[in-house]
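See below for the structure under consideration.
Chains here go by letter, A, B, C, D and E, matching the order in which they are written, and residues are numbered from 1 within each.
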Amino acid sequence: MGAFSAADTQAFLLTLRLAATVTLLLLAIGMPIAWWLAHSRSWPSRVAGAVVALPLVLPPTVLGFYLLLLLGPNGWIGKMMASMHLDTLPFTFKGLVVASMLYSLPFVVQPLQGTFEAIGRRSLEVASTLGAGPLDRFLSVIVPMSWPGIVAAAVLGFAHTIGEFGVVMMIGGNRPGETRVMSIAIYDHFEAGEFAQANTLALSLVVVSFAALLAMYLLRRKAKA
Amino acid sequence: MSAANDGLRAALSIRRGALSLDLDIALPAHGVTVLFGASGSGKTSCLRAIAGLEHSPGTVTFKDACWQDDARGLFVPTYQRRVGYVFQESSLFDHLTVAGNLDYGFRRAGRPSSIDAARWIDDFGVRPLLARRVAALSGGERQRVAIVRALMANPRLLLLDEPLSALDGSAKTRLLAELERLRTTLPIPLIYVSHSVEEVARLADHLVLLDGGRVVAQGPLQQTLARIDLPCALIETLGSVVEGKVSALHRNDNLMELAFAGGTLCLPHAEETVGQTLRCRIDARDVVIARDRATASSALNQIHCEVVAVIAADHPAQCLVQLDAHGTRLLARITWHSWHALGLAPGDAVWAQVKAVALGS
Amino acid sequence: QTKISVAAAADLHGVLDRIIETYNSEHPGVQIDVVYGSSGNLTTQIEQGAPFDVFFSADSDFPERLVRNGKAVGKPLQYAEGHIVLWSASMDLKGVTVQQLTQPRFTRIAIANPAHAPYGKRSEQALRAAGVWDAVQPKIVMGENIAQTAQFIRSGNAQIGFVAESFARSPEAKGSYVVVPTSMYQPLKQSFVLTQHGANAALAKDFMAYVQGSKARAVFVQYGFYVPEIAAPVH
Amino acid sequence: MSAANDGLRAALSIRRGALSLDLDIALPAHGVTVLFGASGSGKTSCLRAIAGLEHSPGTVTFKDACWQDDARGLFVPTYQRRVGYVFQESSLFDHLTVAGNLDYGFRRAGRPSSIDAARWIDDFGVRPLLARRVAALSGGERQRVAIVRALMANPRLLLLDEPLSALDGSAKTRLLAELERLRTTLPIPLIYVSHSVEEVARLADHLVLLDGGRVVAQGPLQQTLARIDLPCALIETLGSVVEGKVSALHRNDNLMELAFAGGTLCLPHAEETVGQTLRCRIDARDVVIARDRATASSALNQIHCEVVAVIAADHPAQCLVQLDAHGTRLLARITWHSWHALGLAPGDAVWAQVKAVALGS
Amino acid sequence: MGAFSAADTQAFLLTLRLAATVTLLLLAIGMPIAWWLAHSRSWPSRVAGAVVALPLVLPPTVLGFYLLLLLGPNGWIGKMMASMHLDTLPFTFKGLVVASMLYSLPFVVQPLQGTFEAIGRRSLEVASTLGAGPLDRFLSVIVPMSWPGIVAAAVLGFAHTIGEFGVVMMIGGNRPGETRVMSIAIYDHFEAGEFAQANTLALSLVVVSFAALLAMYLLRRKAKA
């Protein structure tokens, strides 16, 4: 087994940071979106549902391709950012955050929407009669009742971000400490024929991930029991 | 129906599937209003519209507040109306313990010191359940918790949708007594949905009768009961209610006397005190009519009445006899056979016999 | 047998397609599929059993690794020599040297991944030779292979970068380029080899012979490669 | 309790939270067994164990089949037991219409021609609801659908968990009559959970009394009711039941006479025919005791009895008097005041007066 | 806009075939697994939950790496298959199916599990008393009641397979008609500087996918209403 180099450690930590950032941001924006999608039957909400789901069916390479064109100095978002004296997003951590959020959005919204749909109106009605306003109901009824769904959403979002490869490949530029995430690092080792190092890195990811997942599963079951 | 009303006034046009109910009710600011009607008559729909859980076109005002006025595009959401609601089917939060359920509304009401939560918890027998998960409660236990939860939310108006239907006899009796006590101690009005006559008699100050998608009668209990234009089935189920003052106690026999305009009733005594106003329902089938005063009978109460009217009862063998005891209406259900055998006719003077025990519980 | 599959280094995008086109016109009914990638990536795949018949590498090291591992038969043969250039889609690079890459106007410098793309390795050599390797580290963005690296530059996301000369000289290429002196890096002895999988494929052998023929060599030159006088075994 | 039993035999040890119920019951293969007990006494838990929805240790056999025998590791799953189950709370499938709900079990039973589904659908008033979504039903409507659904699944044993508690008076009366008819026409045994005395009296052939986590009494209705070792509250709620034969009809008055060992009762007549065996429950509070036969009274029935015993009733003012009318036990709840005023003592001959209407519905 | 070449059409159809195959197989094996995970509280089920979720947190490159080592001619499964005179799986369509199933499994199981958990026991008890055996209950109660969850699972599984890039890159070998899926084809066009073709292909995928998604959303809302 190869050594766990400083560069690999850096990739490991960067990946966790990216996944955590993206997950938190996605939960924050995903919950209201999911609630809306779950309970509105209006036309806009249906179309929005399809739009939110779109990244699901887009290969990461397509997404990365368009992001590179759009966010780059010749793309209109890139031009806009340049005119505001902001760095363009490709090849930066922020760029990965934006791309991963787009990419993982449906993975967070879908399970949330599923649980939200399963919560009957009655519980919300009861909460209303007990004086709980909309936000209060959301926090005191919906969130605790849809806990399994929220956990699932967080895990899916986190995981999907950790696993992201195609988009990062397209717009990351493999910059250590900035955009060289685990999936890229492992791929690099592999391509360079450094199987031992690839193995070390992959295995460490497997072990850490499995431990985290197992803990989560045990906790989740506890909470249910 | 006056537009200036200090209680609840609701003019709503409720349409739900087959149901088409045009509601126009004005309820007093105090006491218990019972919504009475058959299954499917729209009682629940009505409560939901009042609570703001359903938006049926119309207007709803409560005391100084306007809750709904479609003409002005006004619709106050449920949580701002501060109505307590006990649902017909169990509606506890599964994700909370019993204690968590109780505290839910209590906390949101600011845990007011004016609320004697501990007492309700004891009175309704909820204390031993506090730590339980909701899934581990029996049907009756759930309903008790739901009532206490609604009370603890410090509502301005309490809506109860058949809160006792899931309970057995003794629990029902206990809860009913508890609700009766609430009725006199709670400073807020209650709207109580029921199809139990006993509950109507014990709790109602005001009665709203729903039938066939409309309000067939509404008003103070006594007045509503005295109406003879109601369907006989309704009259019959309602029976009669005597209200009087406790005039004497016979502690040895655990009996007390209730004096009213038409005479005196002797009935079982519990904790009542002399001078207390009391209400007692007399089921029409519990009244025996006799020409003469009986002697050596366990029927303790004999009231001198005049026969007012007779109408056919639901069963072809029977009739309903309206009696008048110095202004208090009594209702007796007897067989036509007896009516003829006794040779009764309106205007006759008779004795109405009622067992003391029939008046008790 | 009418069909073979070829793995080719990413710098051969364009030129190899052209050669296959001409080969096809002389041998109707045959089909040659090409898969492009970094030479390192393709080598690893062949080692793992990927069913390629011929491997066109961007250097001679990777084919030799395959021969050593028994995944290729015969000796690797050089078919062209590759050079690197500095290329920009938006800037005028006249007079720009590798040393000047430290200038602040170059915010992003694209190179191929030196770990498995030979062109990347040469780019690193040039930067080291210029003594700026460490200084430009923060500006470096790496493509998975040389073709992706070219894309970073072509789309403007990197102002400048090292690519195969063939990319900068292709007819569609915009912008300007400067040649990196061959003294600063080892020119690429681009070699190909018959794989174990293709050992018995007559079509593969025929195609390899064609690539060494004069017509093919003319195409290489036309696309900006250098062709040795004689296609002799490397070393 | 014989081990060889052709009905249901269950010996189970049910533990659920605070509940600890050791059940050992043997029920006949025909007729209605009512499980009677207060809220929380374990009635639902008991039905669930019989249906196999809960696995409590013990044995359960039904007719020739062994459903559970933990010693042999045998546990037949619910769906193979073919028990119909009407749950205490509504339990319709939300994803199906009413018709879909009804057909669910019917189809799985092979839509047997022996089942007259159309009749049940009409009798229980379900026909107008067939196309409805379940969410659009009122509480009472739901329960009726649930009952018909269970019947249509062609069960070998029908379990009903307080099926009428969600219904209002008239719907309850109608359904109860319907269930009474079922009782005589259905070839399968019913186990019926209830805490309504009326339901017990009307439906029970066999009674199992649960109290405080144990079976306090079980057996055929009459025998169980006659026991004086039961808690007085129980005796009192149960009242007495007279079973006799219709001996005469008075069509003019819509009355009929029911002859039994102790005499004749006159009661309202509906569709009964002469010679038919009939059962009639007499509430203890409906019985008046008199020393002399009354004249000119609407209390039609006067039965000559002997005072057997007197025990204190629940209310301190009252007592329960057991009377014997030539072998049929009657129960009267009167005040101690009356007991003393009439100077009653066991062995005395008295007249029990019961209004015909009290016996009716 | 570039032409839609025969090769591109081939990649398009191959991708749909792969995604459809994988989705159907995953639904078939995912439902029982999800049910077990949703309702068992045993230790094995908890560990299994974590194992099923593992591909979630594994970068596709890690998965591809290990699959290649395992299924390749030197891996023990590869050797086993060779001894049975079977082709080894890497670089074949079957190999992609196996890899994508592994990769997408949690995306199918998680939403199923979420809905299954939301179905109360009561409905199943009712079905039992009406004579429905376990399989019957599954089909007549669980499936219709968890319809939104099943649709979500199918969409997620399908989409995740369509979008797969990293694993295919590692074990696909980019073989036309066999393993060259859309994501790879688009990447190839992109690398070749064939922006127009990349764009055509990407756009066609977007249009088709969006139409499918939108139809699904509209249908789904209809079913609910």
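Throughout what follows, a residue touches a chain if its C-beta (ideal position, glycine included) is under 8 Å from a C-beta of that chain, and two chains touch if they have at least 3 such contacts.
These are the chains along with the protein names UniProt gives them: A, E = Molybdenum transport system permease; B, D = Molybdate ABC transporter, ATP-binding protein.
Worth saying up front: this structure is predicted, and the values here are computed from it rather than measured.
Taking the definition of touch as given, a chain qualifies here only if it contacts chain A and chain B alike; none does. With centres computed as the average of Cα coordinates, no chain lies farther from chain A than D.
Here the spacing of chain D and chain E, counted between their Cα centres, is 57 Å. Between the CA-based centres of chain B and chain E the separation comes to 61 Å, rounded to the whole angstrom. The mean-CA centres of chain C and chain E are about 35 angstrom from one another, to the nearest whole unit.
For the pair chain A and chain E, the distance between C-alpha centroids works out to 18 Å. For chain A, the set of residues that touch two or more other chains comprises 169, 190. Counting partner chains per residue, chain D shows two or more touched chains at no residue at all. Residue positions 148, 151 of chain C are each in touch with at least two other chains. Interchain contacts (touch definition given at top) occur between A-B, A-C, A-E, B-D, C-E, D-E. Those residues of chain E that touch chain D in the complex are listed here as 122-123, 125-134, 136-137, 140-141, 144-145, 147. Chain C makes touch with chain E in their complex at residues 5, 10, 13-14, 33, 35-37, 45, 48-52, 145, 147-148, 150-151, 154, 170, 172.
Interface of chain A with chain E (complex): residues 41, 46-47, 49-51, 53-54, 56-62, 65-66, 106-107, 110-111, 113-115, 117-118, 148-149, 152, 155-156, 158-160, 162-166, 169-170, 181-184, 186-187, 190, 195, 198-199, 202, 205-206, 209-210, 212-214, 216-218, 221, 224-225. Contacts from chain D toward chain B in the complex involve residues 16-18, 37-40, 44, 88-90, 128, 132, 136, 138-141, 162, 165-171, 195-197, 233, 237, 250, 253-255, 266, 268-270, 285-286, 288-292, 294-300, 315-318, 332-340, 342, 353, 355-358, 360-361. Within the complex, the chain E residues that touch chain C are 68, 72-73, 78, 88, 90-91, 171, 173-176, 188, 190-193.
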